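In what follows, a structure is listed as structure tokens, so that the remarks can point back to it.
Labels for the chains are A, B, C and D, by order of writing; each one numbers its residues from 1.
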């Protein structure tokens, strides 16, 4: 049974990502937007317990009534919860206890899935699995943030080569003016924010079939970009000055040479590798400096069929807003995507940290323009 | 000579708006985003001195070298300046001194304009006059904010009827699917952000030829909207809870009845009047509650030819981003609009407080979705 | 009748201090701890209205019921009030209106005082007059703060010589070990916090009969004191670093030479003048650097009979706490002093800005150790 | 050799206090003032490494040069360090690694101590051991804070009876007016802030030979104390209102009955037990309500010979300031106590959590008046 295997494999994958963690690594929250590994493990489990088992599994008894308060992320429909900033203040339940919780829920879920649930419920299970995959990527980026901000720069594991990706090609792609269809089609899984196929008119454009590299970005830095206000959006310029920013996240100039923290520790920068960990302000300023621009999410989606993508989440020049025919679902599931549609920019693609089978050309990722702890990158358009 | 008359009349208009102010009203800054009247008077003058007289008027001697630091708003290309939050900390130069500064600059400007400046310079003068008109509206809304947050609720003037606007009609307008052109055309003045005519594809839509009224909004409040998280964007819901919001700005429930502060003082709400002083979060929540939505800025622009508009700045569902062919000008003038293109939503139309001859269907006003001290309103689309 | 004359003269003195102010100067609040001149004028008037007229004058009708909310400073027993930080947000009532309020209350007070009030009530009037004198000093220091933080450094009046005080003598005073009495004795006015005469044991000490000068302090600065953590209390060191402090308030190094803002404008520092505008952290660090210490408030009081004092509020090394027999009065008057007895240090003496007849050797002034906008100085002890 | 045994036993005691901790408990910092257990373990070790081994042990090689940055608490003389608020952001070095660090340093220290160090060095070792004992108490109170603010209220260990102390007696002690000597005398260990024996004059007073109980305090709460501003210092009243305080730390009213979190978990309050976890504002307000007062630190020290004490850190009415003959030592050791002499109140005694042999009648503990996570209590004086 496909769903059973899928469930088992994705749930195992989350645990696999944790194998290099030490006990204390699970517990700590260094910054409000990055959650402890322990919390990711529990929250993804809570998702299945709350949306599947408690609603559809007869005679199911909640594992622990306190967990709803501790492990609800942002679903107002499911009740109160601890503040996001407090996720790292809970040394208990311990990691062992949370692994036990996972086992308990997995056992119940597997039993449940064997009993032929309806398609509606299967759709929810599928949502839970995609949700878990999103948290796998967050778990990695949150761990990177924690270790990368430790003055010892400890490696997550010495053989992770996440950042060593290269562009395959140096060509550009031409797209012709016309009316195109945007949005997800077909039977495969997608989030609600991708639905509502609709037409857009697109003018001619030329898009790079490669991303900006570290070398390109070093040129930008060395041209004085971080001190030239004319390149920056007003908010970006404020951010640079209030935070004293002069390079991408994780970059350190040591003895005159650029280094960066990677999951394998602190290293000299690989100049040919694709740039990562820049925010929208930086992406936009780089494009301005180049006399080019970022693609809109529509241009990206149209070009994607012909494009080499999947190494970075690529900042687009589109705000994250509802598609014309967007329908928010009722209840908690409706809170999944729709309520975040303000002050975010769309990122398209997928990154080296994205779970397998968790990407497609219509996928709309979104972050506030100031965020850069994800594996983000820049593709340019003329 | 047309430009001379235009210059005189617009500059006089700014002073006319001040005639009901008392001396202390000119000096105070109640909140970071609202500037003292005194500052508006000086800054608009500084604009002409800095961009015209100092650059193009031979032998012009700066009025006071300190003024560049005091009255530059946000032009990095023109040098350092006091923090926006400190505009209200300067009791000197006094209002009288600033009026003298205005007279000095006006005299020099009128002399200058008599000497046939080139078209390029005239374009800059025109920009300065449009800039002054924008500040006229800000001056009114900033004064309203100051007086409306004074526990005495003093009237600006007892015969201002700014809020008593009614809808003329109750009809809707149908627009047919198709490719439309967006952006400013023709010889008239417009800002750089309106340029770059481009095509968009628009699906069929039906738009109200009237705005939401106070009565409509009272229904929304009384239906419990401010406590129903399912209606709100996540940021809106946080805003409501952290600021304890339960109504539009300036509304007060007194002895069970809704009142609002108007420029004529505290009054019972006129239920038939058009709603004002709501932010994007509120506008969007209201639309969700109605099962409708806000128009995009493109829909608005297309429908505008046939529409009754100009009473409120109408929130659209479009983020404020560059048009495809947007070209930022070099130098300080390039900072006018382009650098604010992040985390803002577009408002279309004009309001009761907008200066005459300062509106057009392609005008793109923009504010952060949380702002509501402007005369903002809601138009719905199906 | 003495009290009548006293009332008139002190009330007039407050207005005299305002004669150099321009209209906008009355309204502005630059920092939370410094109130607008307008507010001082109203609050001192409110004090008489609230504690005398409303309680003891038959048939008195409150001038305006809103004023209690606007002009109560910190008396919880008298009801709610605007936040201290909002005192500068009220452009209305206008200064003219407040002068009218003063006239109204003064007329009623003078009538009232003619009718032989009881001694208890006269004591309250006396408290009100001393209260007004305290606000006269605050009015001056608050105006200095406002003008001294204006980038134009406008003079309050060009002929104020407040800072040009010199030490008269260079001698020291020896005090012998013994038991001494501390606290106010006799019939004259004093605050409740000076009462409760009690004995203290004091060891031998030698106290300077002069204060630290600007020249002394420049030596301290040039010895690198602001970068030598060993001289500073921990809180002082944090303050220096978070606020980037490197000199007393109002000092500016211009072209290699120390200047300071005075009420007569920006001037070169007079090296022989007595130092002012340092906080407890600075006073203490200076003493440490000199290998000396600050006096306790008891040592100061004992030595005061023989001492040249009255030019600066002198930081002592005593925390502001209750004397052994301190009795807090009931009601609002009890809030005058007692409730501030935590996290403050005692300052003794009086300053160039202290009103005449408003000083005595038992007077206990108090401020948080970080404050320095008063005319504060340093006297050393061995 | 006495010092060897002492060293071993105190160092072991620290580890003994950790035996009930789970791995995640070591790593977390819930609030800036409470450090992770892991950090306490490392910092106390760093103290010996830094002040003894690196200075006096020949050929000693630093364990890890990064540790000085990570585990220096507040010694400016020893170099830069991470911010106190970041102590909980370091998942590495792991707890295991820190235990290894302890073993390494202990081994070196024991070798070193066998070689007859000079008395000066032995004094520093003694300081290090007293320092370690202070951190033992902090470790307990920090763990209590972390677990007591976890919504699950996990017990540290189910058989801890720390709070079940009772008063032995109900009598009062009379002390006669006179001159008394204050400060540490004799050869035993004491901190620098206890030195400088000096005379004080004390008037007659009567002091309770018992502390305030939970029952007493419940009466105070039920009399409406937390809503009666007349009982409170101004800063205390602000604290109550801004933090919405209505009871001691760890108290919760559940179904109309007072409970409190103890190290054994959440329990019904033992009314006869001695009150704990109140701050100076609360202690002072309670005294005011009783018509009594807190003792000064001198009264406490004089009465201590005859008194039942050692169950709570007792708030006194004395600010933490230097004794008349206080001499700050040079270098880092001089930073131990002296630099904290502002905005703190003295607490005398010892608590149930104080290590054995770590108390004496001259001991001056000190905290900011708002702190209450220590085991603090109230003794009253008339």
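The definition used in the following text is that a contact is a pair of C-beta atoms (placed from the backbone, for glycine too) under 8 Å apart; a residue touches a chain by one contact, two chains touch by 3 or more.
The structure presented is a predicted model; accordingly, all values stated were derived computationally and were not measured.
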item	value
Starting at chain B, fewest touch steps before arriving at chain D	2
Contact-pair overlap exceeding half with A-D, pair selected from C-D, A-B or B-C	B-C
Chain of greatest Cα-centre distance to chain A	C
Whole-Å gap between the CA centroids of chain A and chain C	57
Chain B and chain C: spacing of chain centres that average the CA atoms, whole Å	45
Chain C-chain D separation of Cα centroids, rounded to whole Å	36
Touch-based graph of the chains, sorted into line, ring, star, complete or other	ring
Complete list of chain pairs which touch one another	A-B, A-D, B-C, C-D
Residues of chain D touching chain A in the complex	22-28, 30, 38, 66, 69-70, 82, 88-95, 146-147, 149-152, 154
Touching residues (chain side chain C, partner chain D) in the complex	74, 76-77, 179, 198-201, 203, 229-230, 232-237, 280-281, 284, 288, 293, 317-319, 321-322, 324, 328, 334-335, 339-343, 345, 369
